[in-house]
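Each chain gets a letter, A, B, C and D, in the order it is written, and its residues are counted from 1.
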Amino acid sequence: MDQTLVLIQCRDAVGLVSRIAQVVAQYALNIVTMREYVDEATDRFFARIVCAGGVSSADEFTHELRQSLPEGAMVQVNPPALKKIAVLVTKESHCLADILVRYFFHTLGADVCCVVGNYEALKDFTERFQVPFHLVSHEGRSKDDFEKELHRVIHAYSPDYVVLAKFMRILSPVFVSHYRGRLVNIHHSFLPAFIGANPYRQAYTRGVKLIGATAHFVTDDLDEGPIIAQDIRQVDHTYTAEDMRKAGKEVEKAVLTKAISLIIEDRVFITGNKTIVFG
Amino acid sequence: MDQTLVLIQCRDAVGLVSRIAQVVAQYALNIVTMREYVDEATDRFFARIVCAGGVSSADEFTHELRQSLPEGAMVQVNPPALKKIAVLVTKESHCLADILVRYFFHTLGADVCCVVGNYEALKDFTERFQVPFHLVSHEGRSKDDFEKELHRVIHAYSPDYVVLAKFMRILSPVFVSHYRGRLVNIHHSFLPAFIGANPYRQAYTRGVKLIGATAHFVTDDLDEGPIIAQDIRQVDHTYTAEDMRKAGKEVEKAVLTKAISLIIEDRVFITGNKTIVFG
Amino acid sequence: MDQTLVLIQCRDAVGLVSRIAQVVAQYALNIVTMREYVDEATDRFFARIVCAGGVSSADEFTHELRQSLPEGAMVQVNPPALKKIAVLVTKESHCLADILVRYFFHTLGADVCCVVGNYEALKDFTERFQVPFHLVSHEGRSKDDFEKELHRVIHAYSPDYVVLAKFMRILSPVFVSHYRGRLVNIHHSFLPAFIGANPYRQAYTRGVKLIGATAHFVTDDLDEGPIIAQDIRQVDHTYTAEDMRKAGKEVEKAVLTKAISLIIEDRVFITGNKTIVFG
Amino acid sequence: MDQTLVLIQCRDAVGLVSRIAQVVAQYALNIVTMREYVDEATDRFFARIVCAGGVSSADEFTHELRQSLPEGAMVQVNPPALKKIAVLVTKESHCLADILVRYFFHTLGADVCCVVGNYEALKDFTERFQVPFHLVSHEGRSKDDFEKELHRVIHAYSPDYVVLAKFMRILSPVFVSHYRGRLVNIHHSFLPAFIGANPYRQAYTRGVKLIGATAHFVTDDLDEGPIIAQDIRQVDHTYTAEDMRKAGKEVEKAVLTKAISLIIEDRVFITGNKTIVFG
């Protein structure tokens, strides 16, 4: 059966749901599920609406919706269902492998257009899935130079999202600015604990009983962007720093996959430095 | 700030959200959160709407909403915020204690109007919280007689909900019929596993690695009513049947408290033999 | 640093730990971790001991340990570290993929010697990892005939364990007898709930709030063998039977991988119809 | 049946388990479970041994064990089964209530000898359980003076452990020194995240998806003592800072109760700034 997905962000105002629902009804669509949220801190309204039925002209429908909403409203009708994602990696395989396997068996819900690594470690694995792998080394060149080539390579694929799947280089604000709200990172700790390097060594030294991971959008402030998903695994005193790293990899993989899945189903909105997740 | 809570159940139809939102807008209310669900198996529509703003006449508003909906729609505007619950117990204290402590510190969100036990074991504890305790013994009398007195005692308090907090007598369909959709039980297993008696002995014998609990509405079929909440705890081979019972008590308590909290916040709807939980 | 792993099962008796520890000390080994358990129901003693230091003759050491223990004691010193596992599949990929990816990146801790499918669906994927795939179809032949070929194909690899990674044929007691204590299955529910076919349809119909999975050794009684690991994921009323199946796949994969990991690290003992897991 | 519990801490050396097991065997005791751990960072050996059978003289048995171990070994045979705990509170009730209810129903496994508050808020509740409540106000006096009275009041009961159940005053190193290794705190976050005040406000501002709590021994460094137990609850964008506080209270209560239970069963050892938990 035909479905129409509507995404809306705008300034909050009285009667928004009614206005939206009226336009939807005019188009003879039936609301199947509607999730909405008002962020009082920023006075913004967010909605994700699934309607039964199709529209002949998405443009016209979008226009009608926008007319009924406060100025500056962002309206998306039927955003591309099959997003393209570029994956950036270094040497660790666990997150990339999970993404590629799901892509291969059509359960990722997205196209992996390319994998870019600053080492060749994961080239062979990537190519087994007929996905192009590009080596962009950071060695022997300036950061600016490195990021320019990185951007050039990625840009050629016009991806909807760029996923840092254990990409171990810190990206500059200039690079980040190319993919604002579209750059996803998996951080190896339950943020904001253990910011910075060697989190498992830190966790081991501190004697924690839980190991976490955090998927977040990347902003100019390292490790400070909007959090999309977090989870933990239990550990105990018998875990070495290396055991914690292994437990950490399992949770990193699970959290990144969950975040990607939420994003490509258009369930995540950004408001200020937080996310709204219509899970 | 004033808030108006609206609960709706009706036959599904095109444009329901629009019709509801229009009535809401006519009353100058602003929708803060709206959750709705269409159960396709039964073709029913369910909604829970929180609006900013108050209404001068809830009756009139209810009437207007009902007018805009399919025949037979059930509409509730501002259901009583402070529900009254009667708690039925036998000898085990863990669930009752959690309920009474929350009641005492005003974090239950409901009034505990009475505790009824078929033994006196929990009388002293109950009365420490100034809650009336009634002994209704099942001994030396017919089941019919026992249940009649039980009903008489409970009925005098006109409770909104009756909670079986480890009440170890099986209730007849006649008794259940007095409290249809208002009778909540905590079952000592992850239903539908280990239906019946001695679930921890069964779990121990089977060598399970998880112990669960299930809160559900009671219907005529024992252990088969709509499930409200479930959870589990991990166990291992070192657990005796008694250790599993102890772990089970923790999860029973947590699950029952969660279910009560969802119910008294009007977040639970029943459809067929399932629940819709707008958590 | 050298390590010596000792596994012991025997009839329980007074002073077993002392006797074992004395032999260990005679060999100038230092106990790093020792886990032991007495199953009172069967009056059996189980121990897993990790020692710092090596032994020149494992046979002699084994003999000395056996001498110090009750008659019929089973003693294993340094069981093969790199187990060989054969994986049986039908059409579903999620469990196999997780196993093969870990094998490929040397994080499985075991060799996957072959994959055998009763359909060709997973042949291409398997061969991308240079693992041999064998098609043994059940179609157009007797069960006996089918299982004989299955056994012949598997037997040629002399695997330590056979893993049923969503293998959808019920195996006969004759087949099971070839791999007693070495045949691992992933069951698509939180056993003992939803025994039998279509568990997600059953779970959906029952309106459960949790979806589980169970890894267990296979015995003659279908779904009744010793449980190795179990876990759950939360679901809610918005999940269709298909959504529950998807959630179920995630938990099946995680539980099977955990069970395999425990087994190949020699952490699992079978006693009666239960497991002892020195996790 | 008689059981003998043995706790040991000492410098690590070759053959410790053998030496211990020999002494145990000399006393005709049978080891039921033995947990041991060597902390390589500090080169210390820790063991918790449950034996079937009793000893006529615990002193003699302790002496014999000590003789067989490296100099300076700490050996405890049958530590007092019913520990006494003093509970310090401010105004929040959730942790105290859980402790008192378990004490009342004999499921805490410890005696609550007294509750001390720096406000009177929890006096009435405490006294309903026949537990003495002492008000020691911090107002209008020096910190030194306040802590001296606190210590005097607590000391009169000679408690084995002092539990800070949401006690909102920072204690000085002098006070802490009276109860080294016996002073337990519940921290309102998943340490080391959100150190300091107003963690729920911090968590809300940061937009986290999990809320945690940490039970730890108190040392001179605030929030930096050895962690005993940690856990988390999931939250989402709809949670206000107040909702996060409510979720936090549930996890605080559960984590503190778990930590107390581990401690009074003599399952927790301190090594450096970490704990070993034989759970």
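General remarks:
Here is the rule we use: contacts are C-beta pairs under 8 Å (C-beta built on N, C-alpha and C of every residue); 3 or more make two chains touch, one makes a residue touch a chain.
Everything numeric here is computed off the predicted structure, so don't read it as measured data.
Annotation: A-B is the more contact-rich of the chain pairs A-B and B-D, by number of C-beta pairs in contact.
With chains reduced to the mean position of their C-alpha atoms, the one farthest from chain D is A. Centre to centre, using the average C-alpha position, chain B and chain C are separated by 41 Å. Chain centres here are Cα averages; for chain B and chain D they lie 36 Å apart. Counting partners per residue, chain A has 33, 37, 238 as the residues that reach two or more other chains.
Interface residues of chain B, counted against chain D in their complex, comprise 33, 93-94, 97-98, 101, 104-105, 107, 125, 128-129, 238, 246, 254. Contacts from chain B toward chain A in the complex involve residues 14-18, 20-22, 24-25, 28, 30-38. Across the interface of their complex, chain B is touched by residues 37, 39, 190-194, 206-210, 212, 226-232, 236-238, 273-277, 279 of chain C.
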